[in-house]
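For clarity, chains are labelled A, B, C and D in written order, and residue numbers in each chain start from 1.
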Amino acid sequence: MDLYEYQGKQLFARFGIPVSEGKLASSPEEARAVAEELGGQVVVKAQVLTGGRGKAGGIKLADTPEEAARRAEEILGLDIRGHIVGKVWVEKASDIAKEYYLSITFDRGEKQPLLMLTTEGGVEIEEVAERSPDALARVHVDPLMGFQPFQARWLCFTAGVADPDEQKQVIGLVGRLYDAFVGADAMLCEINPLIVTPEGEVKALDSKFTVDDNALFRHPDIAEMRDLDAGEPQERLAREKGVTYVKLDGEIGILGNGAGLVMSTLDVIAQVGGRPANFCDLGGGGDAEGVVDALEVITSDPQVKGILFNIFGGITRGDEVARGILEALDRMTIELPIVVRLDGTNAEEGRAMLIEAASPNLYVEETMLSAAERVVELAGAR
Amino acid sequence: MDLYEYQGKQLFARFGIPVSEGKLASSPEEARAVAEELGGQVVVKAQVLTGGRGKAGGIKLADTPEEAARRAEEILGLDIRGHIVGKVWVEKASDIAKEYYLSITFDRGEKQPLLMLTTEGGVEIEEVAERSPDALARVHVDPLMGFQPFQARWLCFTAGVADPDEQKQVIGLVGRLYDAFVGADAMLCEINPLIVTPEGEVKALDSKFTVDDNALFRHPDIAEMRDLDAGEPQERLAREKGVTYVKLDGEIGILGNGAGLVMSTLDVIAQVGGRPANFCDLGGGGDAEGVVDALEVITSDPQVKGILFNIFGGITRGDEVARGILEALDRMTIELPIVVRLDGTNAEEGRAMLIEAASPNLYVEETMLSAAERVVELAGAR
Amino acid sequence: MAIIVDSETRLVVQGITGREGSFHAARNKAYGTNVVAGVTPGKGGGDVDGIPVFDSVREAVAETSPNTAMVFVPARFAADAIYEAVDAGIETVICITEGIPAHDMLRVYNYVYPRGVTLVGPNCPGVLSPGKANVGIIPAEIFREGNVGLVSRSGTLTYQIGHELAQLGVGQSTIVGIGGDPVVGSSFLDVLARFERDPETEYVVMVGEIGGAEEEKAASFIEAEMTKPVIAYIAGFTAPPGKTMGHAGAIISGTAGTAQAKKEALEAHGVRVGTNPTEVARLVAEVVGART
Amino acid sequence: MAIIVDSETRLVVQGITGREGSFHAARNKAYGTNVVAGVTPGKGGGDVDGIPVFDSVREAVAETSPNTAMVFVPARFAADAIYEAVDAGIETVICITEGIPAHDMLRVYNYVYPRGVTLVGPNCPGVLSPGKANVGIIPAEIFREGNVGLVSRSGTLTYQIGHELAQLGVGQSTIVGIGGDPVVGSSFLDVLARFERDPETEYVVMVGEIGGAEEEKAASFIEAEMTKPVIAYIAGFTAPPGKTMGHAGAIISGTAGTAQAKKEALEAHGVRVGTNPTEVARLVAEVVGART
């Protein structure tokens, strides 16, 4: 689960990482009031779960409350990489002497958290990694040893943070960021830029914070931060129904069981000339109710021109999936062609049920490849 | 640093371990007020840093506030194993269906914390260990893995905590006790008895809590719990002056550098027929100021009839110690015989200084053994 | 021999009285796996399908000497269950449970690994050595005995490939589902190294997917260390960056972890890569046919 | 050969710019120890008595290849310093610092031990192999080269015994101060096992004190595993229960840890025990004389 900048900063503050004072606003009027309350120059920042806000005009300075309101008006409603801005964060503007970058990520290969620090902050870290890899100091933390100050010192010495007072602040901050990473079950904590003010104060000017969905049961407060309105409408619906669904751009709706098989199905659709409309995993269960829910989500996407079921039964039983398809056709009006490929546990029974139902838009295919070809052909004809 | 029962219970409560409601009282009047506030039957418990309070009459029930005041009057001022009761803890009386024992100690051999649980609580654990060792369930916790619930389950199954609801409470409680042990840098956390009420509620009826002195810098709140008035007057003085000192019962005051050498010196004194009055370690430094402070503490004990310095210089320099002795003799009036044995770094210079000073009660000896014999002889003559 | 599980396997099932645990314990037993014990705290003394149930793994070990544990315990208690198995001396732990917090697994992995314990999963279908033992939820009927080792991050995709291989007459030595989580106990490298050492395995199929860099590392390893032919398949060519594709680990971050990059890395190290399950099965049949 | 430190030792001193660190680094160097580097964060680039100073152990390792670290860092930063040394690949860490929280050392020990690193201390005088290397604060002039290994929980008591031995003409292979804290990196057992393996050591003197059960464990070990004669000394016969005698580890709890119990355990396993430093030195001289 990705957090908005302001939510990440709330967590930062909770773990003692210095951030600027600010407040959320969802209208120009609110932005004006916040600016008034904060006093002085403020910065109005679009809250969207994507990067590139600056270039897209989503971050603006304002000298007066009136200007803050005007800036908020410009920013609210902006479309930034497909994300519509619904809220802005208004905070006291900071003077910036230096821009650093600090992050903790999950290094899956090393199976250890990875700390990264560079004094070349404020730009995309991939750029820095490519342009001047030596400028990017990296150190792994053994999760059993936990973070130790020597690791933060190493980051400072290697990245070239030379000023002793800055070093001291950065070392403390790295420790607190590690605490936040562990304490909030984060997959990523990134501060870019981590700024040094002309007075020598080090603080987080932005936040990128991703929390492990599997650990949200330990963090009801963070779970509540989820913005149910964010994302595509189909994805919202999927969340409500508990369906594992990712919206894509094509016209072939896809359901399968198991993430790998579904990804593979998307690829095969592309290979036979189609474009997948979504990723949708029925998961291990795949009972009738789940099939109905998933079909509701997929058909809510108006771009979908045909639907492919690709089921390889293991725990999932073919007859159960067939029952779900028939039940869905009973409850909903689906005129789109539905191609079904069933294999594995109880697949024969399932296929028999579907053939017997003899629904005019229901097609049963033997192999994954032939099913993909069939659905692309049928969708193309529409 | 040992904590009083009520201080340990404060820490228990902070870590979510259930304890009875209560308050501290240092007079019968206060005890009456507390009993009034708590209502119902209360128990009045002597707060001393030693065991065996029950047998010594330091724990009494009271049905009314008046009785609580009378009981407090009886208990306050009691001498329990050499500890004078200055405060009582008045808490709501608990109905007891079962008495268990639960502790976490530092297993120095295994270098891991050791959890112990037995359903035969309420008596000295050494007794249980001797009488029915199988009744004492033990499990080590790897400090890197941390406490895991399976360990508490194992304790319950092995100790014979059979009731599922009790098990659940005990498992939670063991986890919280481990948190307290780590969180407070404890060397020992003991609950004896851990009771089960007739209603099935599990709670800590007593607490024994020892915190690592070396870690007190992390716990200023716990450091403040230290009772500066506890212990012998010489030990209080030693604490104030920062002298490592333990009061003993004999008549030979002993100063040395290094804990092992001082212990060895005590033994040698005993072997030659004397009785050591104290353990006093000048430590690694052993500068003049430290010598003066230590002499002040040692001579404040009226039982002392002679003083032995046993110094083997390493970092400690013999001349520095000699200077301290002479300075002390300058500042204080010490009529007791002082026997000095100096060896190691700058010992010759030190000896020369002492001989030159020609103080009438100052004796320089060549070996540890001869010095011990000399001081016992001189002390005996007084 | 096969790898990880075989006829020497003595299995204890943790969480055996749960719905999934009891169902699959019985299935594994019916397949011929030597399921010696089950564990559910508080249910000790009973039995599931004739398998004795104990309160703790330690007791199960004392009474029935298992060497392998299968974990079906719910996600929030799963780390505890793995520690319990390792603490009781179990050498191989196969964790089926999905949804375990990544930080839990991070600690578990770093605790377990230096102790020489083999951990497979979590969030994996288990390990099947056809004709010897099945530990997990893999539908054994898809697979047949043979000399091709199969290692995969995905369950059903593995079944699909096994199914296609079976149709071409190719059998397997062992099928290992390593799981799709960010932190898994056994990586491609670990399993490839075992297949390389296993006399019954002559060919290996590796089924990867987007996310992470394990396939790239495996590519270098295969070239440097392996004598046995490896054929690979990667899923997720059409996956967009920044979206988690079902598996918590299947996410393309920035430019890293794309299927294309993985395919190129593998091919650069001389590993043939199929672009769909049918093609990969055909490639395997080709290689196996060429050598037999 | 000697044990732990010898002429192969390449020493880095952590906390070298402190008062104690600089004093003893120079002394150790003057003795002939190969002191290759010092570390003090933020003081990199300078030198102490000709010893180059670095900001981190990792840098010191890259530039000067030390294999041993001596820790003089203040107590609250000492655990960090030990981790830093181990992380940088140092094989032997000798920690002089006293006052380190016991829980810090508990974690350090359990982290360091499985990694095969030798940790001596904390709160110890260090290790001296006469004529080869001195790492720590032991006054080398008391000791002379010889074939008696000396291991002790106490510093000055060791000097006392070394002094008495010297007067009887007995020299040492290595003197190891293991420290008096509740958690020490090397126990009597660890050091006894090393002495047993060391060809230059023919006799061992073990200097114990009240508290813990290490002397008792050592007694069984000596009887079961050691061929070389061991003479023991225990301090603290007059110590009362429940009082910490200077060392955090020197405390008699209940009936455990008394000097008498330790003496009896040692004697029951055939180890001769002296009751004061003079007597123990005489016993050693006797044994050495009897065998030469």
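The criterion applied here is as follows: contacts are C-beta pairs under 8 Å (C-beta built on N, C-alpha and C of every residue); 3 or more make two chains touch, one makes a residue touch a chain.
The structure presented is a predicted model; accordingly, all values stated were derived computationally and were not measured.
If chain A is removed from consideration, the chains that remain stay connected by touching as one piece.
More inter-chain C-beta contacts link the pair A-C than the other of A-D and A-C. Between chain A and chain B, the centres computed from C-alpha atoms are 55 Å apart. Chain centres here are Cα means. That of chain B falls 27 Å from that of chain D.
Contact of a single residue of chain A with at least two other chains is seen at positions 142, 144-145. Contacts with at least two other chains are made by residues 107, 111 of chain C. Listing the residues of chain C that touch chain A in their complex gives 75-76, 98-104, 106-107, 109-111, 113, 125, 137-139, 142, 152-160, 163, 180, 182-183, 207, 209-214, 217, 235-240, 243-250, 254-255, 259, 275-278.
Note for the complex: chain A touches chain D at residues 142, 144-145, 148-151, 153-154, 157, 164, 167.
Within the complex, the chain C residues that touch chain B are 41-42, 44, 55-59, 77, 79-81, 83-84, 87, 107, 111. Within the complex, the chain A residues that touch chain C are 106, 108-109, 111-113, 126, 142-144, 182, 185, 187, 212-215, 217-218, 244, 246, 248, 256-264, 266-271, 276, 279, 281, 284, 312-316, 343-345, 367-369.
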